[in-house]
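Okay, so chain A shows up in both of these, paired with chain B first and chain C after.
Our next item is the complex of A and B:
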């Protein structure tokens, strides 16, 4: 069994209450940080931990914190990104539902480190039950003296509020989130300036994912160096993986970074293998935005080594043969799934969620959806695959925010790895509407494929 | 494109206005506009949808132009700009849920209610629509029902039957 830092006490009855959470050692990090550490010392521990942002981009959290501008007399803000809308990702909801105090405690320690006196947790509006849970947890923490004025007699003040979103994937992008928190449409801002200089209300702001903030608690309790001992290479610590699709045990798993993909999919500790005795066809390893890989490439690297669940190993091979850890939304497709349909579905999602500010994203996502729809429904042409690749290239890198890239990658990678399945749809239009291409050679040993 | 229905007369109760005031107090002075999204959720929870009359009143309350409210209400998917069924069944239609049968559940709900996506049943009780990933992909297929956004997970045709009959009971008792 791997070490658990975030979910260790998840099954303790009543862990959602302050009382039980404290009995399991909760709020020690707040006491330690506020009573015995300077703000710089807290930042230093987070740097030492090697923690990388768990929201998708994997940017080192300690470094991000150290970029925060600190002009005299200007408020600074910490905003927690609990928008969780990346298809395949459901770990933040799980954490907030079951151990809300882990997030509240992390918010207090992190706000202290950054010198923020008002912090917000921006939760997607559909998570109304989680909003109620967090509000209750905040009230409990405040009553116990961990929030409000003069926390634990230290002179440090902090107010923490929960802000509901209105239903828009784009509000997970940090600058769109800040616009939304200011009561506007969620249109991403042009960077620079980065939020660290001009964020919420034009003030210096850090935006961090729920899991990143919760991870600060064990980092402060045990020390950054202890945290960095877990994991592999620059992928330190534990990561919550949301596992879904055609597996025996879908759910949220806390892994030590570095377990093999094969173990993650097939061991009883995690996904428990492919459901209904089927075989593995493909995996989207880090949320819908990352490249999809066929079975052979997700399980093994091109050199034959096993692929691991880490930032580096998942991206080994770049976009030619690799993917990304992303948000940890691990979606498993069995042999009965249609790659064309799945790709169309994702592209409809991105078209629907494009905020419409940049033409390549607004128009390109629409085109991709349309072409994929006709391929899936038996009206495709052989030239459509090149057309899709062409459109995806025209979007990638040409937009204000990364949603454009996120829309382009799944399409480009599906065609790269599953082109014969797309061609089969064109050649067998009536059959393709009813039946599936199946597993083909996607699970065959690698060397033949690569050469 | 945006057709705003004008028919509803809207009164904000004292309780609701007190709630608005509490929300506004969460932001620094001069940044009251931040209260817009949460206030729209409160108004929709009471009225079922957002009429232009209601949005104008929100604008007046926050001292902003009505267009600032319309552009927000029309941008986000959770705000309804026309009347809905008493219960809006919002089923996730995104990839991971479709791997385990979400499309069949959506079709089944449509057949069962006898209306198309977005339409309201004759008794005014139900409407349904497909929505994007609800961060519950491990418990798929899933649907949610506002205004508290209660989740119903691991849906089957049987559990959908049960849910719809429970909601009918609930409506006949209220």
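Our next item is the complex of A and C:
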């Protein structure tokens, strides 16, 4: 059994209340940090822990915190990004529903470390129940003296607010989130300046994912070095994975980074294997934005080693043979699933969610969706695959925010790895509407490397 | 004095664009530095407008490659950057037309801009002075690979003098910035998102402001047009003449577009990058369409490459107004000489 840090007490009845959360050792981190540690010491612990952003990009959290500008007399803000809307990712919602105090506690400690007196939790608008849960938890924490003026007699003040979003995926991009929080249209800002210099209301701001902030609690409780012992290489600690798709036990799992992908899919502790005795065809390892990989490449690296659930191992091989850990939205596709349809579905999502600010993403996402729709419905042409790759290349890297990349990668990778399935769709237009391509050679062992 | 000059010079930063060095004030964008050099190396800009704060960064046509970040940090930037919103650093080296990557990316962006554009140039009032036309001609591909229905919208009247034809819009946001910054009340904005986003006056509420007509001038395409000029004539058949009048609201410096003796349209004066020099008021733009309202300064200098020049000056008879006005006659001497040849 892997160690659990965030979900350790998930099954304790009443863990969503302050009383039970306190009994399981909750709010120790707040007491420890505010009473015994300076703000720099907290940042230092987080740096030592090697914690990397859990929202998708994997940027070291401690480093992000140390970049925060600290001009005299200017307010600083911590904003928690709870606008979780990536298809395939539902870990933050799970955490907020069941253990809201883990997030509140993390927010208090992190705000203290950054010197923020006002912090926000920006929650996706559709998550109304979670907003109510968080507001209740904040009221409890405030009544217990963990929030508000003069926390635990230390002289440190903190107000925590929950802000519901308007329900756009793009507001999960940090600068669009800040725009939305300011009450404007959620368009990503042009960077630089980065939020660490000029973020919310023009003040230095740190934007962190829910899970990153919750992970600060065990880091402060046990120390950064202890946290860094978990995991593998530069992927330290535990990670919540939202497992979905054709598996026996879909759900949110906390893994120690470094578990092999094979174990994660097939072991009883986690996903419990592919449902209905089918065979594995493909995996989207980190939410819809990351490249899709066929079974043989997701289980093994090109050199024959097992692929592990870690930032490095998943991205081994770059985009040619690798993918990304992303936000941990682990979508498993069995042999009955159609990659073309899946790609079209993702593409449709990005077309719908593009903010329309910059031209490559606004026009390109719609174009890709239309071509994929045509392919899926039996009107495709052989030249469409090259067209899609070309359009995705024209979008990738040329947009204001990473949504363009996120729209381009799944399409480009699907064609890279599953080109024969696309071609089969073009050659057999009537059959493709009725049947699926099946597993084909996608689970065959990888060829030996020729040195 | 020499020392002062020296100090002033030393504050400037040196940047090289396509191998051409230029010294500019710190805080200048790459695009503006390139404009100081001029010529072919100036990246095209469809959304950036130097007179509008906050504009730029959206159309992505001005992407350039920064092959050397600065003297202190010579690492190249990992992605192409929008030159209109990236400031120069001392020792920066930028590649625009010398980088195949940039040319390729720009070709892609032009294609993207055109896939939902109606390409109705033959009936569009902007044709001939359209930035998208120029851009597509210079940087685009010969044919499109887009085979689907194009996005269309209904035409909307913004007040009684301006028409919005969203189908042609490339969502550069310039008119939004004008509405925000030139006029007093924000009644203009964007509705919807993605490729269904549209410029709107919010439930078609008309802009009621003395300077609202400037949205026509800043529009790089034919999405916002002057209803007093719509379908009157093609711009290349009209003759631009610079003129001014005593206007209580604005500077009164304008360009009159003549056809014969008739003033078909009044616009603000534009510089070589297609940006207006000074915003003008609606009275000058829409209501003063008689020669007697204006003091004529002389014909507007039109680039030799412009369709306005190539079609008009060489083949058509000089306008009546030019024949009557001595100053204009002097300025159009070359034209008269050419006209007598025919």
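One rule holds for everything that comes next: the second predicted complex is superposed on the first by the 447 of 451 C-alpha atoms of A that agree within 3 Å, B and C clash if a C-alpha of one lies under 4 Å from a C-alpha of the other, contacts with A are read in each partner's own complex, and residues count from 1 in each chain.
Simple rule for what comes next: contacts are C-beta pairs under 8 Å (C-beta built on N, C-alpha and C of every residue); 3 or more make two chains touch, one makes a residue touch a chain.
Model, not experiment: these values are computed from the prediction.
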Request  = For A:133, select first, second, both or neither according to whether it touches chain B, chain C, the two together, or no partner.
outcome  = neither
Inquiry  = By the touch definition at the top of the document, which applies to A:190: first (chain B), second (chain C), both, or neither?
reply    = second
Task = State whether chain B or chain C is in contact with more residues of chain A in the superposed arrangement.
result = B
Message = Going by the contact rule set out at the top, does A:353 touch chain B (first), chain C (second), both, or neither?
response = both
Chain B versus chain C as contact partner of A:439, first or second or both or neither = neither
Ask   = Touching A:370, do we find chain B (first), chain C (second), both, or neither?
value = second
Inquiry  = Just checking: does A:342 make contact with chain B only, chain C only, both, or neither of them? Give me first, second, both or neither.
reply    = first
Inquiry  = Taking the superposition on A as described, I'd like to know which of chain B and chain C A:168 touches: first, second, both or neither.
reply    = both
Partner chain(s) touched by A:387 [first = chain B, second = chain C, both, neither] = second
Query = Do chain B and chain C touch any of the same residues on chain A, and if so, which?
reply = 168, 185, 352-353, 355
Ask   = Considering the complex alone, what residue numbers of chain C touch chain A?
value = 56-61, 63, 79-80, 82, 85, 105, 108-109, 111-113, 115-116, 145-146, 148, 170-171, 173, 189-190, 192-197
Query = Can you list the chain B residues touching chain A in their complex?
reply = 26, 28, 31, 33-38, 40-41, 68, 71-72, 75-79, 93-96, 98-100, 131-140, 144, 146-151
Note = chain A residues touching chain C in their complex are 168, 170, 185, 190, 351-360, 362-367, 370, 387, 390-391, 393-394, 397-400
Request  = Within their complex, state which residues of chain A touch chain B.
outcome  = 75, 84-90, 92-93, 118, 124-129, 159, 161, 163-169, 180-186, 201, 242-246, 250-252, 284, 288, 329, 331, 333, 337, 341-342, 345-346, 349, 352-353, 355
